[in-house]
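Once you scroll down, you'll see the structures, which are given as structure tokens.
Both complexes shown next keep chain A, but they swap its partner, so chain B is in the first and chain C is in the second.
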Partner chain A sequence: MSEAPRGATIQSEEGPRALVPLLARALEKGTSDAVLLPLRTPGQDSYAFVLVKDPRLLRQADPLPPVQTVTGGRALSSLTRHGGGGVRILAVMRPCEARGAIELSKLGQVDLKDVTLITMDCPGTVPLQRFARGDLRPSAVGFADQDIRPICQVCDLSCAAVGDLHLGWGEGLAPILIPMDERGAEALLAMGLRAEGDTSEWRTTVSSRSQERRERREERLGQLRVASSGLDNLMVRLDSCINCHNCMRACPICYCRVCAFDIRRQERSANEVLDLAKARGSMRLPMDTLMFHLGRMNHMSLNCVSCGACEDACPAGVPIAQLFAMVSDRTQSAFKYRAGMDRQQRSPLITFLEKELEGEDGQRC
Partner chain B sequence: MSGNEEPRVLGFLCNWCAYAGADLAGVSRLQLPANFCVIRTMCSARTEPLFLFKALLGGMDGVLVAGCHPGDCHYQRGNYFTRRRLVMVQEILKALNMEHERVRLHWISASECSLYQKVLTEFIEDLKGMERNVARDEVFL
Partner chain C sequence: MNARVGVYVCECGNNISDQVDIAALVPMLEGAPGVVKVMSHRLLCSKEGQEFLAEEVRKEGLTHLVVAACSPRQHLPTFMEVCKRGGLNPYLMQMANIREQCAWVTSDRHEATEKAARMIRAAIARVVRQAPLPEREVEANPDVIIIGGGLSGTVTASMLAGPERRVHVVDRNPALAVALTSLKGVETHGGCEVEAVRGFFGNFEVELASKGSRQEVRVGAMVVCTGSRAMTLQEMGYPGSEAPHVVVLPQDPESLRPYLDALPSGQPKVMFVHCAGRERVGYCSGVCCLRSFKAMRWMAETAPNAQLSCLHQDICVPGRDGEREYQGILGIGARMTWGRLTALAQQGPQVTVSFRREDGSIGQDAADLVILVPATVPNHGARALIDIIGVEAGPAGFVEEAHPMLEPVSTSVKGIYVAGSASGPRDGRATSLLSLAAAAQIAAELRPGKTLRLEAQTSQVCEALCTGCRNCMTVCTYGAIEYDLVAQTCRVNETICRGCGNCVAACPSEAISVKGATYQQILQEIKEAVR
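Right after this comes the complex of A and B.
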């Protein structure tokens, strides 16, 4: 949008929960068929994405849970992988999850045709393992929280308005719903609101916050880069990996039904391993721990949205999301791409220009 | 490289250009390094990035990918994709500080046998100036 977007200020003290009655109104009005958003599970100790048709069920909704369980992109993909079927959905999720959904739509795993994405300023989430153990259960997540995950602490896109409709509310601002495109404007109208408010306050807050985070991201990932520089140091970062491949299974971008690393045919035969053992003398078994992580960097670093699901899923505490952030920042910037930010820009490896990438830094080809 | 140890290099050569160029180099009796293994692919784009990493972690000192010049791909646009992929591979290696000089991409047409000889000799000379690939002795790969 060329001119500054305008938004609808909501009179509410509840931050992101201010969305809930508005979503209910949109459902009752019939402009949307269902809402996809995180709900507290019956046991009260976790959250899950639920497709809601009954406005009454929305009372249990928590649009911004303090922990990331299944990512929104995954939830949306399980619903629309074979096409949306004309069900008009309001999908509420964090910016990183929405970016995951957008990347998945480029990969043909999500159909956004009838989906209105609603994002909001995200304060970050606490580590899943600490939440599951019960020693960290924040009721309200603040914006200066030191308990959030390391990857959230360096997230410079936590307030990225990638959805059709974005809820700005961070740092003590009154909640303001901002339509980012036609579809968002329609959804806003269905909620009975008009975008008449000024958004400059929100925009200044977000840009200074993003700038601060960007600097912190460069600093922290730079430190990690030094600490994991070269094969030997990289192996130190990865040496507690137990080959469970949970990072791949939890990743919203890794959508392949069968991963290249799970194919039997790809496995080394016992004879091959024996030959290698004879040639090398000593080696860790089973092999290919590093190969797996490098393989994932090849296959999805260009689409990585730094959501941190991999690090949450790792039982061994490998800082895998930070390693991926470090690598993907570099690979994505080589193609002037930022995963999930631009719906029109095609994924780097499926497109090309005849003249490009020549000698930016040294010989490339 | 220490002593008189020779670097080991693996090449993925496109069937239509670089491989034919290599063939012509042989027919023309050009002097070529002996420590170079060739895998023929039907297009340079067949070279999946994982192949390169597998070769490097397996202890190869260098990996060369060679295909048709841009615009001359037998399959119209395969080499453009190769170019993008190799840039990605280089960026990953650079991000991890893992000796990106060990991976190279060159365009060699079927008639350029002397270019093939030059590329290969230069690559191997450069590799001789480097340490041997640490992955060869790494236990915890």
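Right after this comes the complex of A and C.
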């Protein structure tokens, strides 16, 4: 769609929860078979992605929970990794999660063929650990900037309309559902809405929000870059790592069945370790802490969507998502790529050009 | 069984010994794990050196061999042969390049010696982890597929078909010439298009698709005979070319007859315009002047009262008959004008032809019938085919020959040949010559019974690690990887794989490795080199 998109304004005070009755209507109409979205768990103190077929169960739904537990991309991958099987799914998630799903689809781990992605403006989420400790209960979370995760505070794509259908909302802005493509337009129609409203107000708000975040991102990640430059300083940032590899397991993009760093061949013989210890004077054990993080960065920084799942999963407080963001912002821009933003653009490392990066002077990343 | 590694250091005349202290190097290597013998030799690649090495392998009962000498690019095959003569599997030999990578580039003699020792120790660490690989050979498939059933396809097919060689001819046109369908040993596939090609010279798998059905053909070589066609009026894009009395010169002048019948009585003016579309395509097609003159002669006989004229640029009529044909045209009184066509316009019953003269001035002429002599362009669908089979194409979209003079029927892909006007505008004679040349080259290079050595160092997928992302398939230039729908993992076709290792680099899960260059082998080699 080349001209400015139009949207359907929804009369509701509830923000993202305004989506719930609309999703129910689409289910009842039968144009979709199921909805995948976060639901309040029965214990009432957490959230999980649930595939809902019965519209009545949607009452428990919270399209925009205050924490990120399992990411939407990962949930969608577990559902469609072996092909979607023709089940038409409305998948509701944050922009970063949807970008994860899009990256995974490029890597053959998600099948978007019958999936309508629905995204929404995201104010950020609170750190999982604080939430789990009970410091912030669902009802008490106000999405104030100081409560959201550091990676969310520098997210410039929090309102990225990467879904087929996107919900714009926020302070002083009436919720507006905007179809971004054919599929989104069909879903909107199934909800009984028409895209007749003007979206210029939403676009202006988003553009100023994103600009502000972009500046903050540059500034904070710039500070981190200075503080972690060189192997020694980087090691300081990774100091508290306990080698649990949780960051890798929680990452939606890390999709290998067995990580190379969990394979025996990475292990060294006692003689080799001794040799290294002799050469360097001392050896931290187990010895692959730095290699693990660098290796993962090497594999994943081009596909990283800065969702922050790794940092949430870290029990030791390593600012791993911020370190990834710091690296991937540069590696991705070297390939003129932003993970999960363009469904047509192929992932850089599987795109082979005879003459790439030629004639580009100066620092690339 | 314990490894018995033999390390042989070549002095390469003085090439290596000048810069590397061989006498100091040999004792540095003794005692490395598994090493039973370290020796230096004046020139291992010499006949005497090779015999010595083969004898050493036998005499010492070596299980692994390290040859510290020059670049494997130069002598890997030599020393692999030596291994075979000595009764050792050639993949249990490793070369350490202490000439190009050491003696020739390291100025300090002590450092060079130290570095040579490191490189040889790395080669030892690698070679003991190598596994013997079987040498595999397949009989090359002598069959040939010809894409395009026109003149060049027919000539090539008729020359190649025989009791020992089956020839397949594919054409998108369902109705193929009787000259082809009646040929013995030729199987025609009318109404088919090439969908995919896998494999290499002597061993191609070609997927054909026709409406609703597909089939696979196995051949040893391919000939592209897709031919060429005349540029259309729309493609030439001259203003006013839609005028009713403007026509493109057809292949057979007889097709002009209806236009002649419609000419006014008296002395109608017929104008032939050469080089139509030449500026747009950017080349002289070279075959059109003669075609035009022949058509003019036909017209002078068929419509004797017509006044013939010709708007031409450079006249290109080389060869024995060209000049005669040209003089003939002058003899029948055709009016020759030099000019570049700029526009056409139907004005009343006549067409006004505007052109630019050599001095830049604009000229105009009028005629009752204007015949545009068109540029020759690649046939419809040639571009798509070129992309599928992976040969190089020139800027005009014709298949590029491997060398215009020395290899006029070879392409950038070994085993794929090009004949006729698929590689550029040709007349019938040149088309036949090129087709005969392609047939002769295939007959010489792909003799029935020829064997092909398959790559021993093929890649392999570990099914337990493969996530089925199919990155490897996008980077494999040979189409050697298949996706197993049941196992949901990728699988390597070992008769097609050439062991290039692209897939290894592309696999994010490290599920692929190349035999003889596994992660473990390379890692241990590197560890030893940097210890």
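Here, the second predicted complex is superposed on the first by the 352 of 365 C-alpha atoms of A that agree within 3 Å, B and C clash if a C-alpha of one lies under 4 Å from a C-alpha of the other, contacts with A are read in each partner's own complex, and residues count from 1 in each chain.
We adopt the following convention: a residue touches a chain if its C-beta (ideal position, glycine included) is under 8 Å from a C-beta of that chain, and two chains touch if they have at least 3 such contacts.
Not measured: the values here are computed from a predicted model.
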### Query
Touching A:113, do we find chain B (first), chain C (second), both, or neither?
neither
### Query
When the two structures are overlaid on chain A, which partner does A:137 contact: first (chain B), second (chain C), both, or neither?
neither
### Task
Pick one for A:275: touches chain B only (first), chain C only (second), both, or neither.
second
### Task
Could you tell me if A:194 is touching chain B, chain C, both of them or neither one (first, second, both, neither)?
neither
### Query
Does chain B (first) or chain C (second) touch A:257, or do both, or does neither?
second
### Task
Using the touch definition from the top, say if A:82 reaches chain B (first), chain C (second), both or neither.
second
### Task
State whether chain B or chain C is in contact with more residues of chain A in the superposed arrangement.
B
### Query
Does the superposition put A:288 against chain B (first), chain C (second), both, or neither?
first
### Query
Which of the two partners, first being chain B and second being chain C, lies in contact with A:234: first, second, both, or neither?
first
### Query
Does chain B (first) or chain C (second) touch A:298, or do both, or does neither?
first
## Note on the structure
chain A positions within both the chain B interface and the chain C interface are 260, 349, 352
#### Entry: Of chain A, residues touching chain B in the complex
225, 228-232, 234-235, 239, 260, 280, 282-284, 287-291, 294-295, 297-298, 301-302, 326-327, 329-331, 334-335, 348-349, 352, 354, 356-357, 364-365
### Query
Where on chain B does chain A make contact in their complex?
49-50, 53-54, 57, 70-71, 77, 80-81, 83-92, 94-98, 105-107, 134-141
### Task
Report the residues of chain A in contact with chain C in the complex, numbered from low to high.
82, 107-109, 255-258, 260, 263, 265, 272, 275, 299, 349-350, 352
### Task
In the complex, go through chain C and note every residue touching chain A.
464-471, 474-475, 488, 506, 508-510, 519-520, 523, 527, 531
